[in-house]
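Scrolling down, you'll hit the structures one after another.
In the two complexes that follow, chain A is the common piece, with chain B as its partner first and chain C second.
Our next item is the complex of A and B:
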């Protein structure tokens, strides 16, 4: 009986909350907000709130075309691997309270690692669909990965050094107890926001699926259900990444839980989404070499500067 | 009953999220400019869920402008075949509807419907963006039946 009970609870965590269902619904709403902000900044009205869900339902009901030259097994499996990786990473991030479901020491590294699996699947789906556009797109995905991943990781490590812990939970608790110390991390926060644009492949860094150059990039050959799942994966990734930024830089739920925790979570993650869409609306696409240059010449040094500031601040706190 | 509900949801989603692909099969660019006009923030067709897609695999509605030349016929057919079902074709402008002033030209096959099945015709030389939006909306409203 015990085992069955635990199994049901585990399945509830995986499928309903904070797993698949929560991520799908919140991801859809976040995508809508993102598109709405974007539309408002272009002085137009934007899509209605149910738009992402209509898109997903429509894509699910469409025919799936698998090209003859493609690797059929990989082509079919990869979107689900991306979703599984994202779904796993949400368990280690605190959501409505300051405690994560399965937090452990060093989980921040595990989360960063799990979040780079979707990028790897993006590369693989481009590679296995064998279309020239998709292949170029997948090469760009990898080039981009090596540019933004390092600044992102270094920026996220800043708060960890300040808090003296490698666990996301502890970092959130630390900033809840010392909210003013969040100001120390402001450079790291901005670096992380810019690097996230690369991770989520949004406008300044949407080089892997630049529509004017390489059609749909890595997604060129994807249609119907499989494309729908890939879109879902990107939406879910946005939520997970916003939750990570919320926990690491913005102090988690400030010790609240329940409804207030939920409200704080929604406000802060949507604030992160808002910043991301401001960047998206304000900028045009850059070239891949400019992107790599920018990440290594500006983002990485600023991230290292942030780490230095954090180390100094840590010594000052400890006296 | 569940099947009925599912069908309703699918039809609703198809009406609410038509993704378009723009293809020029030999137009003079007049209709293309009007088509791109319709996609600008001024008309804001993202209100109706319309998104311009680059790849035929993602698109639901194929917007074809211009009379079909002999060179383009094979490519047009190919782009149509690459789209995932259910798919719709909208012929934009007099030339795409029937061949227009190019009708009977030595290099021209005629209207788009000579090559692929067309769901909606939007006449005009060129049609205004409003006419285009109206045409797509009318096409989608036939889905309800």
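Our next item is the complex of A and C:
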């Protein structure tokens, strides 16, 4: 009986909360908010709230066409690998309270590692669909990965150094206890937000699927259900990343749980989404060489500066 | 690194009309570009020989959706020259107003398209919203948003009332503010600068050699503008500057177009505030000629040349259109080479291409890839042969 009970609880975690269902619903709503913000900034109306779900449902009902030259197994399986990786990473991030489902020492590294799996699947998707647009798209995905990943990782490590722990939970608790110290991390926060535009492949870093250059980029050959799942994976990734930023930089739930925790979570993650939309609306897409230049010449040094500030601040707190 | 050939077109999100650009890439760099037109040929010149002079205004206005007034006016100028008609001053002024409003709407449209090509959709949405103001003004004057149908042989078809003039002046005031804003955005926003400066370079000697016209040529330092060099309508009576830039890149083209909008507003104000009075049209004969005429018109995209041969009947013997895109298209392959794939859509968009205006018929045999020009006899024999296969005999026709 015990085993069955545990199994049911485990399945509930994976499928309903904080797993698949929660991520899908909240991801869809976040996508809608992102599109609405973006539309309002462009003087447009924007879609109704159910638009992302309608899109997914429509895609699910469409025919799937797999190119003859493509690697069929890879082509079919990759979207689900991306979803699985994202789904796993949410278990280590605190959501409505300051405790994560399966937090452990060093889980921040695990989360960042898990979040780079979807990017790797994007590369493989482009590579296995063998069309010229998708191939160029996947080359760009990899180039971009090496540009933003390092600044993002360094920026996220800043708060960990300050809190003196490698666990996301501990970082959230640390900032809940010392909210003023969040201001120390302001550079790291901005670096992370910009690097996330690269991770989520949005303007100005939507180079891997720049539609006026390479049509759909890595997704060019994808259609129907498989494309729907891939879109879903990107929405879910946005939520997970926003939750990570919330826990690491914005103090998690400030010790609250329940409804207030939920409210704080929604407000803060949507604030992150809002910042991402502002960046998206205010800039043009840059070229891949400019993107790499920018990440290494500006983002990485600022992230390192943040680390130095955090080390100094740490000594001052202890001393 | 292996070479990849990327087809940009005939169907591609970056292109608003079909045209084929085969780009050979080494990494991201374009090593070689093969351009092909011919997906949009409509045979307008031939069709014009089967219609009378008045019907042809309607037809030639549809050569292009954006510079419709340019083509119609250039054609009407030719007819009037052969028939030796003296067009009233007021008609000239109204033609000029529509022509300059058209330039404003074309340049704003271009700005939006260029913004979209570099992924700056906010600029796209903003400039197209403000383009609506110009379209409103055009609708106020002519009743239509895109094909204005203002020209008739010997004048224009509608007069402008004082209220209309006031309304258009009011719209211009708002528009000038918006244009100033776009100039600031276009010349100061760092990602736009990063994407446009040093991209698609066309030096002055190359521009001259490849016959670049309009904003494309002027951005490469070619100081030519039909409105100043060979004034038609009332352009010799208004004060305006011809904008040139020496940067020779896409940024220069952006600046030229943006500043030209300011000049257009200036011209419009001068004309609207000093509207000549009098008739708007003179009576035109039905049969024109014989004779021939060539006229040039500074369309938003560059110099538009029309040739007309009349033989004394009510139908023209020959109408020849050289749309500005045909002149500018020559330099695209040159500009593409050496730039990156990411620049390609912008470089193509920067000539403000209009493929359907420019399309010529050429024969390409599938399989062999042999291309050439068919004479009329050959084409007729070929089509008779084709239809015989379907069981219809046209050989006696």
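Quick notes on this structure:
Methods note: the second predicted complex is superposed on the first by the 319 of 319 C-alpha atoms of A that agree within 3 Å, B and C clash if a C-alpha of one lies under 4 Å from a C-alpha of the other, contacts with A are read in each partner's own complex, and residues count from 1 in each chain.
Everything below uses one rule, namely that a contact is a pair of C-beta atoms (placed from the backbone, for glycine too) under 8 Å apart; a residue touches a chain by one contact, two chains touch by 3 or more.
The model shown is predicted, which means the values in this text are computed figures rather than measured ones.
Looking at the shared chain after the overlay, A:314 reaches neither chain B nor chain C. Applying the stated contact rule after C-alpha superposition, one finds that A:76 touches neither chain B nor chain C.
Using the contact criterion defined above for the overlaid structures, shared-chain residue A:285 touches chain C, although it does not reach chain B.
By the document's definition of touching, of the two partners only chain B reaches A:220; chain C does not. Using the contact criterion defined above for the overlaid structures, shared-chain residue A:211 touches chain B and also reaches chain C.
Contacts of A:63 after superposition: chain B is touched, whereas chain C is not reached. Within the superposed three-chain model, A:43 lies in touch with chain B and with chain C [touch as defined at top]. Under the contact criterion defined above, the residues of chain A that touch both chain B in one complex and chain C in the other are 42-44, 133, 211-212, 215. By the touch criterion given at the top, residues 41-44, 132-133, 135-136, 203-204, 206-207, 210-215, 281-290 of chain A touch chain C in their complex.
Residues of chain A that touch chain B in their complex: 35, 39, 42-48, 50-51, 53-58, 61-65, 133, 211-212, 215-216, 219-224, 227.
Interface residues of chain B facing chain A in the complex, by the touch rule stated above, are 9-10, 12-14, 16-17, 41-42, 44, 46-47, 49, 53-55, 57-58, 60, 82, 84-86.
Contacts from chain C toward chain A in the complex involve residues 4-7, 12-14, 25, 28, 115-123, 125-126, 129, 189, 191-192, 194-195, 340-345.
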